[in-house]
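As written, the chain order gives the labels A, B, C and D, with residue 1 at the start of each chain.
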């Protein structure tokens, strides 16, 4: 299976990268940008083919390594190979 | 020799390279704010090291769009010499004045230490005071110095002799052990087709003064002086 | 959130307790205001009277520290200490802890620690030129340790590298006592001109109070977030209390502040650190003897619907508060706008002596500044100092199986191995003035554009402090003094970061008192005043306190950078001379800990008079160009120091056979204090004479040469093997993360 | 409108972060991971409310700044506010 994981900063956590991108877009003349948040996107190829087990596995990976749950949220989708 | 050092928000080796330029060429460079529209008349434009725009998004990506860059690109195309050191190299790849990209170090860690480099070309305006095959010691200090290009580009670089510096060991051997960041073909510095634009990850300005423990960076500045007086 | 004027309040004694105020403290607060506080006011009192801001448990003891000296321009009490380096140059420096945040989120906790201490330094007009860090982690194999080490080191590098200030020194300890309470202490040293130093005193009324830097968010709002949640109707996810550092913005802030400081626009300036806007307003107003009226509607915010409480207590990073000279507002605005930073006039200084804050047409705060600033409780908490342990005779300490085995175990241990894995993640050369890089006794940076150097180091030996706080406190100061001296510097002054457990426990308070007393003695004898510092208490979990850890950071001056000593011998056939006593003191030594798995006995005593004589001698030798290399002897003793020299110089050492009466392992691994190894080109005889004239023991140890450390015919330690052990452990240990 | 942008490395481009994550997951005992690629995830708040114009705008932002098309692909979705 394939897992597509989005990791985003929690609400209220400062996002220096997002802030800088917003400024840079403004400087490039894109002026309709009201906010930018930058996160991570991770794709995993899993050998597991059972959706239930894959889900549990990916959740554990996010909690233990992929996301820093003190400041980040995560969200993922699974897709059969 | 008239030179200009471009100062981006977040540049932090601008002063260091200005000191070396002044000490070794006898001419103090103009310090040019990124928001200016034109670079003053210069024989050499230096894009210094640092973390322009915090290196957020991608190293060098936002600086590549700074107002001053339009003029720099035009001047570079017209033959003005351009030297990009570390973050400056990253800016040059982002503007596509040089091919490839500097990715996160293979170790994922920032790395700051002296490395050994083999000089591959001594016939450029940047390196004519070295001798081909010289092994020189110069520090690196970067998080994103892992040079990457596709196979075709690497082959073209090699065929055209555009790799100017490579990470090596003490006897000049090129190998994985002497590669600090995972760069393809141990590439530390590349030059454009015209031979007027050089980007390199190591910091020659950091070892160009005996008090700092070495002077292997100094010949680069002397080369430029001789070529551009 | 609380609404209404200060007079209307939901504040109850229970809520006050949740804000950490004792019932006496709350009664005192009621007394001061003559009414119940508003929620925002409660928050303000609670942070101002917190241990962190008020030093209520430590203040009485800190007063004992000597803080004056001919070179001291500003001692404790400002954002950082200031000392005179001659020729109009001043150094401004301080050390601070960021322990708890770094345990919760190591990367951001450490990063914001670096950001905070740098602001303390450039607030005063200095350009930061060197960062240091003193780190204590739990046992190497504790399940959390690798993650913490890797995150903390990356965070320190991430911040300092981006700003472009070299991180040139520090120390790293591993001990089970830090398993659940790591220590991250960051130090910053800056350079200024003596006639352009900026202070926090907001003198004069009717002046604009200006906010610059980043916008205010709800991050880091004082532990009271929990309490205030009860007042919060919206059921949003719980706000994280971790702050994220933005080194890019701080870099812009440094440049913008220094640019404005070159004009005469600034009357007073203060960074917003702990307790943010509250603390900076109160300190500036109190020092200037004025009041401040704040218009919270003008504060740049990053989130919707922020209350007065949120704005007054937010600890968002990368922000400063300034009071400007009349008419300078537009000059200042232009500078900060050029650098892309927020700039807002948020208030005015008044003659009321009160801090008044209005938000959306309501007065949310109206409190007397003088009282708020100076009425924090002050406690002389009960303390006990246990009897110091007995000294152990060297001959009662078991010898190792072999010297080789002991050396191998020690040099490749977490305690003595190379820290290169750490400092290679720090840009330690940016600014192109680093003359002595990490790996020596103290780092040295050139004072830009001059022929002078500034040496800096940070040290403490917690196991000594745990065994005998007085001796340990003395030793920490002495070791700093010694490390500076070993480069040829004249030690000038220190900053400290006093990390201890819960001061409400008498034995912890005893450790604190003992360490302070030891520090006082050493500072006095060595003419080494304390000019700034920080106290971090309550470093404990489930009643398990950290070892007492008074980290000391010191700086010294090198008048001529052609006369610097480094630890690396420069050629073969240089003679090595030991200066200082050989008593084979093994109590609390690393030999005992690593080889015998014990932490017994008294720590090595520090003879401060002898320390001073030895240091003064070594410094004069360096300045007479009489030496090729110098290294002091500390953790691990003589043989470890010799190995460090050999490895640094990549040259072997042939040691003469030891002829004295002490057991060999005590000679090689004893941690007697006040000692240096000096390498010289000549035969070393004149040094022996000079030492004896100073009343100091000294002897020839051997000479440099070959590619091994040899001792007579008995033992040979090839350098290559030593290097593998010394440089291998940390990278290998961290590889598996 | 909201734009959700995924930026991924092109095939054949080295991905040191992905590789490190794969190793770390292995070390943590997750052994069914056959491949990891790390990319970026960016959320934009746009004042533009016309989907066509928003699409053109986001595309331009990706081409000019957000992605380096030498090594990266991008993909995005728009969502009415």
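Going forward, a residue touches a chain if its C-beta (ideal position, glycine included) is under 8 Å from a C-beta of that chain, and two chains touch if they have at least 3 such contacts.
Since the structure is predicted, the reported quantities are computational estimates derived from the model, not experimental observations.
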So which has more C-beta pairs touching, B-D or A-B?
B-D
Of all the other chains, whose mean CA position lies farthest from chain C?
D
Distance from the CA centroid of chain A to that of chain B, rounded to the nearest Å?
34
Distance between the centres, which are taken as Cα means, of chain D and chain B, whole angstrom
29
Taking the mean of the CA coordinates per chain, how far is chain B from chain C in Å?
35
Take the average of all CA coordinates in chain C, do the same for chain D, and state the distance between these two points in whole angstrom.
41
Residue ranges of chain C touching at least 2 other chains are 246-249, 340
Going by residue number, chain D touches two or more other chains at 24, 40, 64-66
Shared interface positions of chain B, touching two or more other chains:
53-54, 56-57, 62, 65
Under the definition above, what is the set of chain A residues touching chain C in their complex?
9-16, 19-20, 23, 68, 70-71
Interface residues, chain C side, partner chain B - complex
154, 157-158, 161-164, 246-249, 251-252, 339-340, 420, 423-435, 437, 446, 561
Contact set on chain C toward chain A in their complex
104-105, 108, 214, 217-219, 236-237, 239-240, 242-249, 302-303, 316-317, 340
Chain A touches which residues of chain B in the complex?
53-54, 56-57, 62, 65, 67
Footprint of chain D on chain B - complex, ascending
57-58, 61-62, 65, 94, 96, 100-101, 103-106, 108, 146, 148, 150, 182
